[in-house]
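In what comes next, chain A is part of two complexes: it sits with chain B in the first one and with chain C in the second one.
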Partner chain A sequence: MKMDLIDPEFPKTLERFGAGSAFECFNCGSCVAVCPLVSGHFPRKMIRYAQLGATEKILRDAKDLWKCLHCGLCSRTCPRGADPGELILSLRRFTLDHWKRWPNV
Partner chain B sequence: MKRVTKVVSSDSRVGVYICHCGGNISDHVDVNAVCEKISNLDGVRTAKTNSFMCSDPGQEMIIEDLRSGEIDRVVVASCAPSLHEATFRNALSRAGVNPYLYEHANIREQVSWVHHGEAATLKAERLIAAAVAKARLLKPLDPIRIEAKRHATIIGGGIAGLKAAKDLSSRGIEVVLIEKSPFLGGWTAMLDTLAPTGEKAADLVSSLAREVLEHPLVTIHSCSQVTGFEGSVGSFRLEVQKGPSDSGVPPVKDRGIFIPFRGYLPEEDEQPCKAFVVETGVIVIATGFKPYHPKNGEYGFAEFEEVVTLPRFIRMLAERDAGEGPLSIGGKEIKNIAMIHCVGSRHIPGIHEEDESGKLNEHCSRNCCSATLHAARLVRDRFPGTHVFEFYRDIRTYGRFQEDLYSKASESNVIFLRFEPESPPVVSRNPRADGSSLKVAVNDTLTFGERVEVPADLVVLSVGMQPSDVSDLIEMMKLPVGADGFLQEIHPKLRPVELSVAGIVLAGTCQAPMDTGEASAAGSAAAVKASAILAKGYVELDPFIAEVDLEKCRGNGECVKACLRQGALYLKDFDLHGEKVRKAQVDPVLCTGCGACVAVCPENAVDIRGWTISQYEAMVEAIARES
Partner chain C sequence: MYDPNNIIQLIASNLRKTGNPFGASNSVINSWWKTVPLRRQGDAMLFTGLMYQSIPYIEMTTEWLARYEDTTLASYFRYGKLTPSFLVSLGFRLLVPQIQKRRFNAILNSVYQVLTNSNTDFCYRPELDFYSGILLHDLGDSEGFARHAAFVAKTLKANGIRKLITVDPHTTYAMKVLYPRVTGESFEVRTWFECVAPSGKSCAGRVTLHDPCFYGRYLGLSDLPYKILDDLGVECVRIRNSGEFTNCCGGPAESVSPKLNREVLDRRVEELNSANAPVLAMCPICLGNLLRAGIPAEDFSTFVERYV
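This part shows the complex of A and B:
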């Protein structure tokens, strides 16, 4: 398994793509419970990756980002105001910015 | 309730009371049949049964029979004497009868809980018959009264010891405080700000130490250790050795300065070495803890210089001036800090490796979570460019206002990663030359068990608390030690301050991991308990000690040789009808009533009061008698 170090500076990187309050997340999982996609740990998994700066993992699973319907349920439900929906959009922008620079995207 | 009363001619009038203990006893022992049989024994004036002898009506029954003069001594057959012997002795006292005219037969733990049917009934009968046989020969005894010296000695000058010294002296009790190191304040003095309030540890230690030092009733001996111990509650005798000072601080003129990360220097340095004796009424053990020292290679400790313990890190942070720019190590900026929880705590057999002595620290050290979160928050506040990652098993910020520490660390964007004990984080060199020098890899359960690697310029190990090595005191004073290595109180809930050695009480982290506030509260509790012991001015002990029959004693000294407690038995010269004779004497304070002397005396001149040879013989006879 290939492993890469997480990037502690990722929040700064992500500023350019939006996602202002995503790092308020405390991993409660409410977003997963309400998400109509019922797909694994989406969207919490992406939030956790972003929080850690696990860019490798984000780009590895980037296709999941485009499953999001942007219905807004998670953002309305989040007890921390972390706005998961907005984070998903920001991660799409981040992924596009890295298009073809990463072998698996 | 069954009653059998009869009139017999006997000098001693025994009342026997047999307890059903709900059904605990009577489900297996035919108590009515036993009562009937016992009532026919010589010397028994009355035999009765009751559902619960320890209840008020049960005790009233005894008191009535004693007051009416029908009986003059009592046997209760019930649970173990450790539970209710004292209860029934008190009932005798309330009836105005000497409490030592009492004998206890254990027919629950020794009978109904281990035997059933006919055998149970038969054994109960035998044990009660033996108790009756002994009871007939009992003599009134008086407790040994020892004058209690209004003086307390505290061993250990940390927060708990200082607090106990302050509280005891404020009650007018003379206090001697013995501290091994040159400093006061213990491990609290090694801290900077305290969680959760943020107060300066130095301020707390200084103000408390100053109050103690200024009190005229307190004498502090630093650089001193207890080397000898004798006596018992009310009159202990401690030998103390004052060693050379090794404070490493140049001599100061004035006593009373606080040296950061050392402690409060109580007296002028360069004190002469000397040995002296302290005579004292009670002893407070406040010997504290020591932080866990990680093994070589444990999370990279001693392998990488960037791996440090939390106490070391706290000092690093404190000794750094605000204006010095970013946090750094070896001239390199610290951008990422990894903090690992539960190092040296919550060990699991089969998963964690024992130390050289085969021991594991299975306990939770309780303070490290709060201390780690507090330190993480300080880093984020003072050095916003430094990221903090906490690797934990469980966050246990127990206690008032401490859960806030977690919320605040979260708010300041400390990142938490959670591991299972069987797959702890792995610290290794980061092969990438451009980043942090170390990396910490973990299967993070918060990232769905995926492997996550975190770069780290510094790894901080949240080390737990272990008992200090007080094996010399444990050996000397026969102190009980728990399975976790900490000193063990009599009862964790109801007698949390007392040790099984009368007159010695516990304070602070020698008993269990505590934070500064808890150690301080424990110091106060110990002070209250210690002063309660001294309040009456005397202490009463059970009179079950050796007694020498001076008529029979020929002074051959066999008993003195056999005596296990030095000084409890000695030979003394008497003047008998103008003739010098040598006879054995008992020191009632030192004698523990073990009976070693009784076994060796060729003249049968020694006996244990309340447990005499003739009483034993009568018991044996009653047990062995053909029924």
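This part shows the complex of A and C:
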């Protein structure tokens, strides 16, 4: 079985990249239901990874972050005001920062 | 899908070199104003953010990206940043069809005419009309965006520009919401359709609106276009996902995946076709996308110009 390390401090790290209320999410899946991409579990899966601090998984699936259209429909309809769209944007910033620091990882 | 890092680096490099995402000079892209009497003095500056003018270039680039997406040649796009800007400008001059340039420049002429007919006190200074940098923000390059925004804000302020009239939702969002946050500089920003004065003319048309996401959700401006149409006596057929709950046309995906863009676009086209009415668009990216899908969409400004 493949194990992944988690980073319990990730919510604090992500604050630097702009995510504010993402950790209000209780994973109801409304964002997946309204997302125009109609693509698997996007963006819920990424939000869950962020909540868990599963940074290795985020970086492994990072290309998916750029599928987001930044249309804001998930944020408008989120029952918890968790702003999933802004979280995805923050994860893009986090990933770009990682790619700049460690280009070959 | 293209490697987002390559696309971001290419766009950031072009923005540093030429001030726009394409790597061609702004003067090649921005020529719409040459056919109107230039007003250099006025209360607010018309600020196009070079978006409508860029659509023929975006369309051509998307066509190339679509051709090589998911092929072994895709990774070579990263070397685009090594191309000198004069070569890119020359390429764009020769390859982008004139008819496309005229079509999108005409939309800006319509905005100019609507503002004039509405007795708006405005000016246009082509040398101060910059790309806002919004694509870099959307792709996650906050540093690149902040650097470009600081240059644009500083230059506008240094030239006494305090009020802007914008023409598209992305530039409006950038100048109204992001610039104060990122640069500390604020501008009084209005869209062109907030300046429309009733003319008393009316028509008995029937249309449907493809509301842009940014006017609907990020800027809370989606009611006004419906009111303008209502004042003109135009019947506007509301489709299932409209106004604040509008659906995206897929445009934002075109720089990293034209294939994904097309999938989302096809679903939106189906919704718009259900109205069985001519489609009006209010965003250059949406308009370019809808036209590519074969929908004979018209820009809201050219429609309004006929009656104002």
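Operating definition for what follows: the second predicted complex is superposed on the first by the 97 of 105 C-alpha atoms of A that agree within 3 Å, B and C clash if a C-alpha of one lies under 4 Å from a C-alpha of the other, contacts with A are read in each partner's own complex, and residues count from 1 in each chain.
By definition in this document, a contact is a pair of C-beta atoms (placed from the backbone, for glycine too) under 8 Å apart; a residue touches a chain by one contact, two chains touch by 3 or more.
This one's a predicted model, so the numbers in the text were calculated from it and none came from an experiment.
Enquirer: Clash or fit: what happens to chain B and chain C when chain A is overlaid?
Expert: Here the two partners, once superposed via chain A, fit next to each other without clashing.
Enquirer: Can A:Pro36 be said to touch chain B (first), chain C (second), both, or neither?
Expert: The answer is second: A:Pro36 touches chain C but not chain B.
Enquirer: Check whether A:Phe23 is in contact with chain B, with chain C, with both or with neither, and answer first, second, both or neither.
Expert: first
Enquirer: Have a look at where A:Asp4 lands relative to chain B and chain C in the superposition and call it first, second, both or neither.
Expert: first
Enquirer: In the overlaid three-chain picture, which partner chain does A:Gln51 touch, first (chain B) or second (chain C), both, or neither?
Expert: The first partner, chain B, only.
Enquirer: In the superposed arrangement, does chain B or chain C reach more residues of chain A?
Expert: For chain A, the partner with the higher number of touched residues is C.
Enquirer: Touching A:His98, do we find chain B (first), chain C (second), both, or neither?
Expert: neither
Enquirer: Roughly how many degrees, to the nearest 10, is the angle at chain A when you join its Cα centre to the Cα centres of chain B and chain C?
Expert: 140
Enquirer: For A:Arg60, select first, second, both or neither according to whether it touches chain B, chain C, the two together, or no partner.
Expert: After superposition on chain A, A:Arg60 lies in contact with neither partner.
Enquirer: Between chain B and chain C, once the two complexes are placed on the common chain, what is the minimum CA to CA distance in Å?
Expert: It is 23 Å, taken between the nearest C-alpha atoms.
Enquirer: Which chain A residues contact chain B in one complex and chain C in the other?
Expert: The answer is that chain A has no such residue.
Enquirer: Please output the residues of chain B touching chain A within their complex, sorted ascending.
Expert: Against chain A, chain B makes touches at 335-336, 387, 389, 410, 413, 415, 417, 430, 432, 435, 439, 441, 444, 446-448, 450-455.
Enquirer: Mind pulling up the chain C residues that touch chain A in the complex?
Expert: Touch residues, chain C against chain A: 1, 3-5, 8, 138-142, 213-214, 217-218, 244-245, 247-248, 250-253, 256-257, 260, 264, 267-268.
Enquirer: Would you pull the chain A residues touching chain C in the complex into a rising list?
Expert: Where chain A meets chain C, its residues are 17-18, 36-38, 62-63, 65-67, 69-73, 75-77, 89, 92-93, 95-96, 99.
Enquirer: Any idea which chain A residues touch chain B in the complex?
Expert: 1, 3-6, 8, 11, 23, 26-27, 41, 45, 48-49, 51-52, 54, 57
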